[in-house]
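Note sheet for the following structure.
Going by the order they are written in, the chains are A, B, C and D; count residues from 1 in each one.
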Amino acid sequence: MMKGLAKSYLSTRAQTEELCKPLEIEDYVVQPIEDVSPPKWHLAHTTWFFENFILKKDKSYKVYDDLFFYLFNSYYEHEGERWKRPERGYLTRPTVKEVYQYRAYVDERMRDLISRLDTEKDTEMINTIELGINHEQQHQELLLTDLKYILCHNPLKPVYSSQKILKSERQIANKGYLSFEGGVHDIGYTGGAFCFDNEKPVNKVRVNDFSIASSPVINKEYIEFIDSGGYNDFRHWLMEGWEWRKANNINAPMYWHKEGTNWYEMTLNGYQKLDLSSPVTHISFYEAEAYATWKNHRLPTEFEWEVAANSLNIDMEECNFLESKTYHPQTAIYENYDSDAVTNFLGNAWEWTGSSYLPYHGYKQAEGALGEYNGKFMINQMVLRGGSCATARDHIRTTYRNFFHADKRWQFTGIRLAKTE
Amino acid sequence: MMKGLAKSYLSTRAQTEELCKPLEIEDYVVQPIEDVSPPKWHLAHTTWFFENFILKKDKSYKVYDDLFFYLFNSYYEHEGERWKRPERGYLTRPTVKEVYQYRAYVDERMRDLISRLDTEKDTEMINTIELGINHEQQHQELLLTDLKYILCHNPLKPVYSSQKILKSERQIANKGYLSFEGGVHDIGYTGGAFCFDNEKPVNKVRVNDFSIASSPVINKEYIEFIDSGGYNDFRHWLMEGWEWRKANNINAPMYWHKEGTNWYEMTLNGYQKLDLSSPVTHISFYEAEAYATWKNHRLPTEFEWEVAANSLNIDMEECNFLESKTYHPQTAIYENYDSDAVTNFLGNAWEWTGSSYLPYHGYKQAEGALGEYNGKFMINQMVLRGGSCATARDHIRTTYRNFFHADKRWQFTGIRLAKTE
Amino acid sequence: MMKGLAKSYLSTRAQTEELCKPLEIEDYVVQPIEDVSPPKWHLAHTTWFFENFILKKDKSYKVYDDLFFYLFNSYYEHEGERWKRPERGYLTRPTVKEVYQYRAYVDERMRDLISRLDTEKDTEMINTIELGINHEQQHQELLLTDLKYILCHNPLKPVYSSQKILKSERQIANKGYLSFEGGVHDIGYTGGAFCFDNEKPVNKVRVNDFSIASSPVINKEYIEFIDSGGYNDFRHWLMEGWEWRKANNINAPMYWHKEGTNWYEMTLNGYQKLDLSSPVTHISFYEAEAYATWKNHRLPTEFEWEVAANSLNIDMEECNFLESKTYHPQTAIYENYDSDAVTNFLGNAWEWTGSSYLPYHGYKQAEGALGEYNGKFMINQMVLRGGSCATARDHIRTTYRNFFHADKRWQFTGIRLAKTE
Amino acid sequence: MMKGLAKSYLSTRAQTEELCKPLEIEDYVVQPIEDVSPPKWHLAHTTWFFENFILKKDKSYKVYDDLFFYLFNSYYEHEGERWKRPERGYLTRPTVKEVYQYRAYVDERMRDLISRLDTEKDTEMINTIELGINHEQQHQELLLTDLKYILCHNPLKPVYSSQKILKSERQIANKGYLSFEGGVHDIGYTGGAFCFDNEKPVNKVRVNDFSIASSPVINKEYIEFIDSGGYNDFRHWLMEGWEWRKANNINAPMYWHKEGTNWYEMTLNGYQKLDLSSPVTHISFYEAEAYATWKNHRLPTEFEWEVAANSLNIDMEECNFLESKTYHPQTAIYENYDSDAVTNFLGNAWEWTGSSYLPYHGYKQAEGALGEYNGKFMINQMVLRGGSCATARDHIRTTYRNFFHADKRWQFTGIRLAKTE
């Protein structure tokens, strides 16, 4: 088991650094909006997590740099004062090189510590390391979407990866709507492996009759919404969404550009003509909700989504995850793909649900700093399900609850429609 | 029936004006924060509602003043451009006198119209008039809480009513916690009278085992939270609540003042020593949630609240509503009160629930302007249940869903605790 | 002398109340922008000035209401904490009636006190009373321009005065430019009557050769600037002015409205077709400066202005001041006016100069609260000269220095051009 | 002459790059406040200046990258749309390396062009090149102060230069006050070499009797102001300054830190104990003015300053300029310094004057983009005189007019007192 943990630790840490290979030093440093942290910060903060929550428990451990505890704490009030979040992009030091040295220092000590762990006695520490690994996977996704924000708002149109977006001659296997009868279901993680505390406790939830689309909304469909004037008709929008749209002059998904009658988009793979059959992405909850309303449909609740996803036999290998290195939602991830795979609920783009991010019945925040991991965010955010092309394959589950504010669009977010029957 | 409607219309309109009797002309005009509309505006807007949605349907109707459609539309996009909400307090004209003339003009024509209605043929119009009456009742509550904001932030401490807060020697009949077993319940309005669209359709919802307090949190208990440092300990707070608290320097409910070791509060009945046995009020969701967390309890979901309230036999006459003219939550509303009554779930103060304001399964927004009444607000707000001392007695129900943003405290809001068993 | 002082005091106090005669109670209360104080506040603050700086010096004086010292102090740090300026419009109490009672109370005691003053021994108090009278005259002007802001931004277009703007068949006597040779001049007030401390000490200032227009820019001329695209051509503007213009979407003077090809303006005399021969008014320094640049001219310095004004023989009776009751800059103030009069430098509209508001050589702020009257504002404001149609006739002088920030336009402000020869 | 120009061009360009030698790549990229541009941006913008205003005039010139015209235009409206100033720190590309390549490309073509210039025929181009050189010198100063802001707000306390601040055992030669009699002086640049347009035309200005300190205020003196409560006594402050101080919680010059009873400061030479005999620096106009008021003195006008400076025989070699490589104001710049030198008016720190930045009598903005260089900023800024330790020695003159808003403190700014006699 400890070999497994060590391997998992090291491969996750290596994966993070692998993702940074195409970066210039300059790309590591800036923070164009508060949501977007500098890549350098992600490298250091994930390291801080292990140093702070694991290594520091050992009193003989020699701290790398006391100031790093102040600089790289994200939001843990239990851990004391910290550098202000909106000012992460003002710190030119430590340099990128120094951050990699910090990583190496911590990795060496973590490797050593893991080799000495006892499966029986060190349960809590093992659990925290697993949490740290999952934490780093979350930051891999953020690193990629933050980097996308940085590169794709630059008029010089830098390219992160030369990987092309695969187009398939076969359309997505749209089987229309999957229907479910009302009933009481167990919601939440029932397996024995790692999951986040917000997926528990398992609860009985009644879901009423509903149908859910077998495939996500694609660009072609979303353009119909735009072309029909959907962005300019208040009737489709929540009031807050409508005000948000006007205040920010929103007329299309983030990264879209219209040239003449054609749509283009900035991607991590460069500036490209929009692939009409790919799932739409980089939209806010407000836009997802307005699209659904315009269609006379709605977004699924997170419970409906989970019931539907659990009913399917999803082939993880055929889903578009981080390991596919596509860095963009797309119809196919292999030249000869199985058309059923892409109808699956996992990968490509997170799907906005109509559910607010609230605790499950019986949820209890853990004591101490790690209790701050999820619980304190359970207000004014909406749940997203399913993972994306930037999510590590072994990080996602059908019970996984992601959450963002309704106006956020820099993540790989998309739409799956539902209907009340 | 039409006689009933006419009576209901006229008494509601009269009630609104009755509430304004103690006002000086100056009190009608100002808007200290965006949430708080000038009393004059409430008088005109509720009139606009009848003129716009009822009288104007008759083409022979002579509009009172075209500009009033622009000035007194609140948020109905279907009705076109409107005076900006944050600038309602800049309009010194029409004068208060002119607004009352406007009311009289519309009332005369409404009385005439109602007398000519046919129960069979004019169902839609009758429904809209009922909606208009309920709408005006909602604005009575807002008028009172807005006026409270205006008067009670004035250092001269003006008094609206000389009514005293009744104190009872008997404590509130705190029976502790009422326990309920898990099961599936019908949620939503099942009666045959008026209800808002957001209380429908009736749905099957599974509620898990829970307990709910028989009485709301009282000032004495809330002071314990303050005295134990609850406002300064991040562990009890959602992150947004904690940031809100710091940014706004919140250390006690709105209107509370500490003199030496004693707490006082500004009320519509003047500046008074805090009654320790009265329900706490004028707190945000953030404070309610923090209090519950500090107590190792939680807020009930709106479904739990409804299940519990429906299980009780509430005597509406003994609840503290607008008609009691207390204008403040309090233990007793009559000198010889029945101690059981005050444990009831209705009246006194709205109770924050842990539920986000979202549509019920199958909810569909109506076409046209009236569809904007509730549906477009279903994002980033929390549900409150039960009505308050400023709610008209025949306006409230156990299925009634009120909603405010988590930081709002100028309404009569309070706390009822729940537990997961 | 004391009779003169008493008369001056009482007539000034009466004049203020006379100006309020056309107001509705509602008009007294609101504050649509921070610059615009509620008329009620002006009534109380000018009274506070006498109570605080005169009456309170007598220990036997019985203060009217202690809280009024807090509520009606404007900006005197020496006088302690005060109600926040942006929140003056939130105070519905004291009522208008109570404010008039406050005025009557203070007036009675002031009248009594003045009758007992000794010209020899009470110099300081007499000086302060004179300052208080001049202070109240300044607030008469502000009361009128603040009221104008309140009424003239109301879509119902309320009318303050039914006085018409007089149009003359004779054009303004535009004698072109008055030329002056360079030389050293005494600048500042040399007379023996009252003046403000910022007009002193008298100083030798060298003024270089210059010409100054004999009459102000009129609406017809200003429309040429608009029609030639002056508002949309950055070349005429200071950078701050250009950013201000874009941010606030400024395309014409405040209160102007275009209907078809005609310009109208809201005035205290109602909504009127723009009189083309009247001086342009309600423009910011940025606009004045841009107009001058567009014309290949410039604004005069305050020293040039003073030198020119001092060289003229101005008939105060023919200038358009507050006593004319026109409440608007205009060509003629009498049906048979002397065309030379209107070329005069006093009355009609304040004239923006190209000078920053800075202390004269040797200026020294007085000790104590009254030292705060002028000195602490000497930064980032521009000097205006000449008074306006809202200035009391005996309040203005050629050495009088008014000052506002470069973006302010709610005062009666105008343009007189100058040239460097 | 062209050899001189070429040499001047090349040495200035080399100087800029020399200043960047100690930087890490990361240091080049960020913009912590709008005032502070990324060092990379300075490198590119100064290059853009030559490419845009010189090279592009030659139609055969091959533009380096069209987008650079958009990215590196600072504020020239004549040159069209440009990347927004507050977002300069979001551009990770072009990389630092690419910016240096851009510099090399332009330098090669500039060198070639200069060698072909004809002193007679190419006057305008030669003048523009000289302007470009002076422009780059201004940006050298900004580069250094911007870099200081970046490094010296970093808790890791990075060091730019290991140069120590020299302390001298001899005090600054404080000769007290130099007195001048009133009279008319020629103000402005009368020499034949380069100067900025804002130093012209030469004008006769009357200066009244005044005295001016022979040496600037030093840290020891400024600490007395702090220790006497100067920051907390409103009486010393302009109202805007007082509000600024409260809003920004200002209690000492920028970069000062108090440890126990000792003051330290962050400098480009690292974190150091404050040298008490060095001139105070990094203060706003508000602080300079408050200090002078506290001392019962005042700041000199820019005319007084110029008259005084012109009366002295300043040895430029003994002044502390950029070439001294001290990067900080200090008593001595050589181990054996001449104590008179440091009383000189040039170098060390810019001296705030009491004069607003306004055009000289007869000033006329040039046509076209270069007219935007100075003229459009002549509003709401204060003049500073004398240059600093970050100013190139051949860039400064006694007639040189620098200008900043009253709240700016990130430049090397200081205080020299004056008195009215």
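Everything below uses one rule, namely that a residue touches a chain if its C-beta (ideal position, glycine included) is under 8 Å from a C-beta of that chain, and two chains touch if they have at least 3 such contacts.
Since this is a predicted model, take the numbers as computed values, not measurements.
Q: Between subunit A and subunit D, which partner chains are common?
A: Chains touching both subunit A and subunit D: none.
Q: Nearest whole angstrom, what separates the Cα centre of subunit B from the Cα centre of subunit C?
A: That gives a centre separation of 47 Å.
Q: Could you grab the centroid distance between subunit B and subunit D? Build each centroid from C-alpha atoms only and quote it in angstrom.
A: 60
Q: Once you find the CA centre of subunit C and the CA centre of subunit D, what distance in Å lies between them?
A: 38
Q: Every pair of chains that touch: which are they?
A: Result of the pairwise touch check is A-B, A-D, B-C, C-D.
Q: Where on subunit B does subunit A make contact in their complex?
A: Subunit B residues touching subunit A: 75, 77-78, 182, 184, 203-206, 208, 210, 234-235, 237-242, 285, 289, 354-356, 358-359, 361-362, 372, 376-380, 406, 420.
Q: Please give the residue numbers of subunit A that touch subunit D in the complex, ascending.
A: Contact set of subunit A toward subunit D: 24-30, 32, 40, 67, 70-71, 83, 87, 89-96, 150-151, 153-156, 158.
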